[in-house]
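Just so it is clear, A, B, C and D label the chains in written order, and each chain counts residues from 1 on its own.
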Amino acid sequence: MNTIGHLFRLTTFGESHGMAIGGVIDGCPSQLKLDFGFIDSELHRRKTAQFSESSQRKESDQIEWLSGLLDGVTLGTPIAFMVCNEDGKSEDYEALKDVYRPSHADFTYEQKYGIRDWRGGGRASARTTLPIVVAGAIAKQILKEKNIQIAAEVVSMGDAEQARKKGDTVGGIVECRIVGVPVGLGEPVFGKFSAELAHAMFSIPAVKGFEVGDGFALAQMKGSEANDTFINKDGRITTLTNHSGGIQGGITNGNDIVFRVAFKPIPSIAQPQQTVNREGETFQIAIGGRHDVCALPRAVVLVEAFAAMVTVDMGMLQKAGSV
Amino acid sequence: MNTIGHLFRLTTFGESHGMAIGGVIDGCPSQLKLDFGFIDSELHRRKTAQFSESSQRKESDQIEWLSGLLDGVTLGTPIAFMVCNEDGKSEDYEALKDVYRPSHADFTYEQKYGIRDWRGGGRASARTTLPIVVAGAIAKQILKEKNIQIAAEVVSMGDAEQARKKGDTVGGIVECRIVGVPVGLGEPVFGKFSAELAHAMFSIPAVKGFEVGDGFALAQMKGSEANDTFINKDGRITTLTNHSGGIQGGITNGNDIVFRVAFKPIPSIAQPQQTVNREGETFQIAIGGRHDVCALPRAVVLVEAFAAMVTVDMGMLQKAGSV
Amino acid sequence: MNTIGHLFRLTTFGESHGMAIGGVIDGCPSQLKLDFGFIDSELHRRKTAQFSESSQRKESDQIEWLSGLLDGVTLGTPIAFMVCNEDGKSEDYEALKDVYRPSHADFTYEQKYGIRDWRGGGRASARTTLPIVVAGAIAKQILKEKNIQIAAEVVSMGDAEQARKKGDTVGGIVECRIVGVPVGLGEPVFGKFSAELAHAMFSIPAVKGFEVGDGFALAQMKGSEANDTFINKDGRITTLTNHSGGIQGGITNGNDIVFRVAFKPIPSIAQPQQTVNREGETFQIAIGGRHDVCALPRAVVLVEAFAAMVTVDMGMLQKAGSV
Amino acid sequence: MNTIGHLFRLTTFGESHGMAIGGVIDGCPSQLKLDFGFIDSELHRRKTAQFSESSQRKESDQIEWLSGLLDGVTLGTPIAFMVCNEDGKSEDYEALKDVYRPSHADFTYEQKYGIRDWRGGGRASARTTLPIVVAGAIAKQILKEKNIQIAAEVVSMGDAEQARKKGDTVGGIVECRIVGVPVGLGEPVFGKFSAELAHAMFSIPAVKGFEVGDGFALAQMKGSEANDTFINKDGRITTLTNHSGGIQGGITNGNDIVFRVAFKPIPSIAQPQQTVNREGETFQIAIGGRHDVCALPRAVVLVEAFAAMVTVDMGMLQKAGSV
């Protein structure tokens, strides 16, 4: 269950303080000359947290390409890549070895597997999202050739500087728009474009909500308000409004695909918190180390990456099935 | 893409006015004596729309069990079942054969496949959700033996009677709670319990939003407010609050799983609407026929059904992987 | 595990003496006008056993098409179909209810599931191969439009009439040839064209061996004998010989695909045999009922059907991945 | 299509002369202390070719473990590993850059992908089987705890020393036996234990035939000869003979699982051969470089590895489905 996608598939691996983080992309079309500069710039977007403290983890994020390429051109074989974990100060976490940080995955991982890598969140660390950005960048490159653009932005966020001062953190909402998607992508029953997006977005750590088009607001509307009237615009059938967010019956209708993703605040706060350890004893902890006040700025590129991967994947499925 | 689930799998088939609607459940444990009375009662919940007009479609919903059972006991082989479509008045839809109803899937299906069954929405009809209720009822029976209960309810809905008078429709929100789920279900990266639920819920027609725990509200909270403090309750580790909705790091933490699903209003409204036909000509339509004012009352059992299927599926995955 | 195929997928259901046998084909391209006459003729090939006794089961094999079609044209939605089991004389099997017939699946099914449908072999009956012929016929129709032909024949078989007299049965070998497959089908590592064929052929009851090209004979050859020399034939690169059976490195090379499938004799023999029952008591049985002397004549169309399904599936995968 | 397995899954990556060869094992149970010495000894079995010339490739085969482990114990997260390609003399292959070696995958890869890594066979190189040995070793360790043993051996092979002198190569047959498999593994219709084995074995380069139990010989037998009589042996039901090779109806019956795999001769021969290049021009080539006379000695451990992986995978599926 560390693989996502049907035809354009990404398998990721790695723990925060293990030897490396990486992924294997299977199903990428051959003869694509990778734009490494673009991939690096996407990784840079992920790394840059505008509300960072100086103590934040130094991640060089230098990708090593292990397979699938000949002179930078895809072979059609699996593209494996990794980034070594250089700056993992596991001693920061030693004190938390037996303690379950509130709203982190420490407790659930340990219960599920009977063991967990306690160093920096292990597999549950946000660092493990790096391979998604790489795969997303490649997917974007594929989409670019088809004039499909993806852009996400933070549309709502708590007061980060205020929160920092109080040793607190904030959440927020990211909105994403995919422009240029052809009509007809998405499988209508159990692989709806919206369902695939939902699944992908909920794979991002800290995501707790997802909505397409007007989303939850549609629940308060009347049909006469919510319906998107079909019109003939210069010979092309489209809709006057886009309450549906570009997806009807699970299938893209040619309009912009619009969705929003809700992130809870980062659970690692500097304020003292009460919790328990493995033995059930009550503890008071204050999480130090290198943590962001808000995941949103980093999350924007993740949202785009998954959106790109889903779009490529659904496009390949549609191509496969056409007569 | 008409199959959902990893180990407990449902494949559905059928169009609104085709010969039959049905499904095949693959991976259901053997030696389970099916509670047919319970399955029928669940189907009854789906059928009963409390705001129905008298002209609503008469669906006998008489299930024919085709395979997988011996004297009502599961064999471990695929359980196929169907309901014949008796009362399909396709003439009601003849006038809409070439017209794209606003916010329906007529246009997208036709663009995707180059053909569509125009009778009653075809494959996109809400009638095709019937097999989900059947599979969900069986999943609930499996969960019941493990003391896991699922209950959904409408927590927000527009004014239906008011809407009916105006030939309009309303949407709303369904909240669901799964009680008794053990700690450790859900795969942590791409098969998170929350992601699997999201995918399943977005497979229900008209769903436009999904949130877990406090969901979108978490985006406005601070970490100190959103975190769920771990406590030792009579020797069992649990959390004081449940903002996370029972899922942390994608894995169940033993608390109640709580989530909400937003439904847009039913797009079939009696009010006149403008739209276009296949040739792009503008039309004025008023959708008659047998339609609900609100899908919510029928949707409650669907939400529960998918929740049950996901829980069984994740439970089986967890069992498979344990040492 | 009752589904085969990646993009062109067949899910089958049904037991020998249950209510119905059938299947769901998911991923079939839309706008295909089904040739029902051809499908019936393929079913007829399966039914006709040239060495049959008069007491053989009367199977009307009247297909009911449940979904996925509009006026006989595929909609792109799942094509469900079934054949009702009319002539199931389960009393013939009453005596064998607690007995494990030698080299049948009675014992293994019962151990696996803790329950089995003892009537006519249940899910393990050869009757459950009927849906494969239907899906295979549709796959052949798709291939026909691309000028790909498939033909299998019995190339080796024991002396059936001799065996019948002695209450015995015989096995044999079916050879199949796929002509016109383009170069490049098959995934090179874990979805080799040969591996997909092998998996499919071993899904036919009684199959115990499979070889591609010169197969086992290649194990006795030298490299200089076994290699297929590339030549330029009228501007097209092909091979002088075809020891490889049209597949190199798991991928089709444009030559005929040739493979053979070995079938063990039907285990139901009239001769008295010793066996045990559920309690481990030794029994002497003589299997009466309606049984063939040899499965080969019926199996030819099954081999072709699976070959067609694999070819369509691999073709769709190749199409999906092309730039 | 570079992933094999349902629950115990291996994804492999790498080309012969790329940066690294490796794999990701997903679904391995947690809390398993890996026996690295055993893994190395298995890799050594793969490396040692008893008929090697001194010029054979020096492969240090030093595994780097990238993820999924904490102090050598499995975490339940993906286990990624790789071996860097140190000794890749790609200049050896420069002359073959545009030439299609007979019975190699050069031609088919290039036609499929429009590009190929010509250095040492690229992805089609036997070197890419290394990750299978690693995953197989871990699977064997899991099986060992359940007292399941796997042993393969060469049962037929051409005269290697004779072939070497003539610049030729030989093929052969490997037989494998799995002892201690419980009754009930294997899915009965499309995931038969035999079908899963067949698929896995055909994933080994150069494999052209596969048979279970008496295999092709069964095609010449009568039912009365081929049937395995059930007996009660000290209170346990088993079979007197094992013509079925331990699998009946696709499900293990508790007897030894026995199967044979036919390998064609290695196509790289020193003798001069005729072939064509990309432009269709006829060439005479003599393949130098470092090649084995026979793949069989190296293949034994591969056959065992896949057998182990299939057994673990089927065991996990069975566990998941049990009540």
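As a working rule, a contact is a pair of C-beta atoms (placed from the backbone, for glycine too) under 8 Å apart; a residue touches a chain by one contact, two chains touch by 3 or more.
Note that the structure is predicted; figures quoted are calculated from it, not measured.
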What's the chain with its C-alpha centre farthest out from chain B? D
Specify, for the interface formed by the sequence copies chain A and chain B, whether it is same or different in terms of residue numbers shared by both sides, with half as the dividing line. same
Pair of chains joined by more contacts [C-beta pairs], B-D or C-D: C-D
In whole angstrom, the CA-centroid distance of chain B from chain D equals 43
Report, in whole Å, the distance between the mean C-alpha point of chain C and the mean C-alpha point of chain D. 25
Residues in chain A with touches to at least two other chains are numbered 1-3, 12, 27, 30-31, 76-77, 112, 114, 123, 188, 317, 323
In the complex of these two chains, what residues of chain B are touching chain A? 1-4, 12, 100, 102-105, 107-109, 111-112, 114, 123-124, 128, 156-158, 163, 166, 168-173, 183-192, 194-196, 198-203, 205, 207-216, 218-232, 235, 237, 239, 243-245, 248-254, 262-269, 271, 273-276, 280-282, 317-318, 323
Which positions of chain B touch chain D when the two form their complex? 7, 27, 29-32, 76-77, 188, 316-317, 319-323
Touching residues (chain side chain B, partner chain C) in the complex: 1-3, 9, 11-15, 18-22, 24, 26-27, 30-31, 64-70, 73, 75-80, 82, 112-117, 122-123
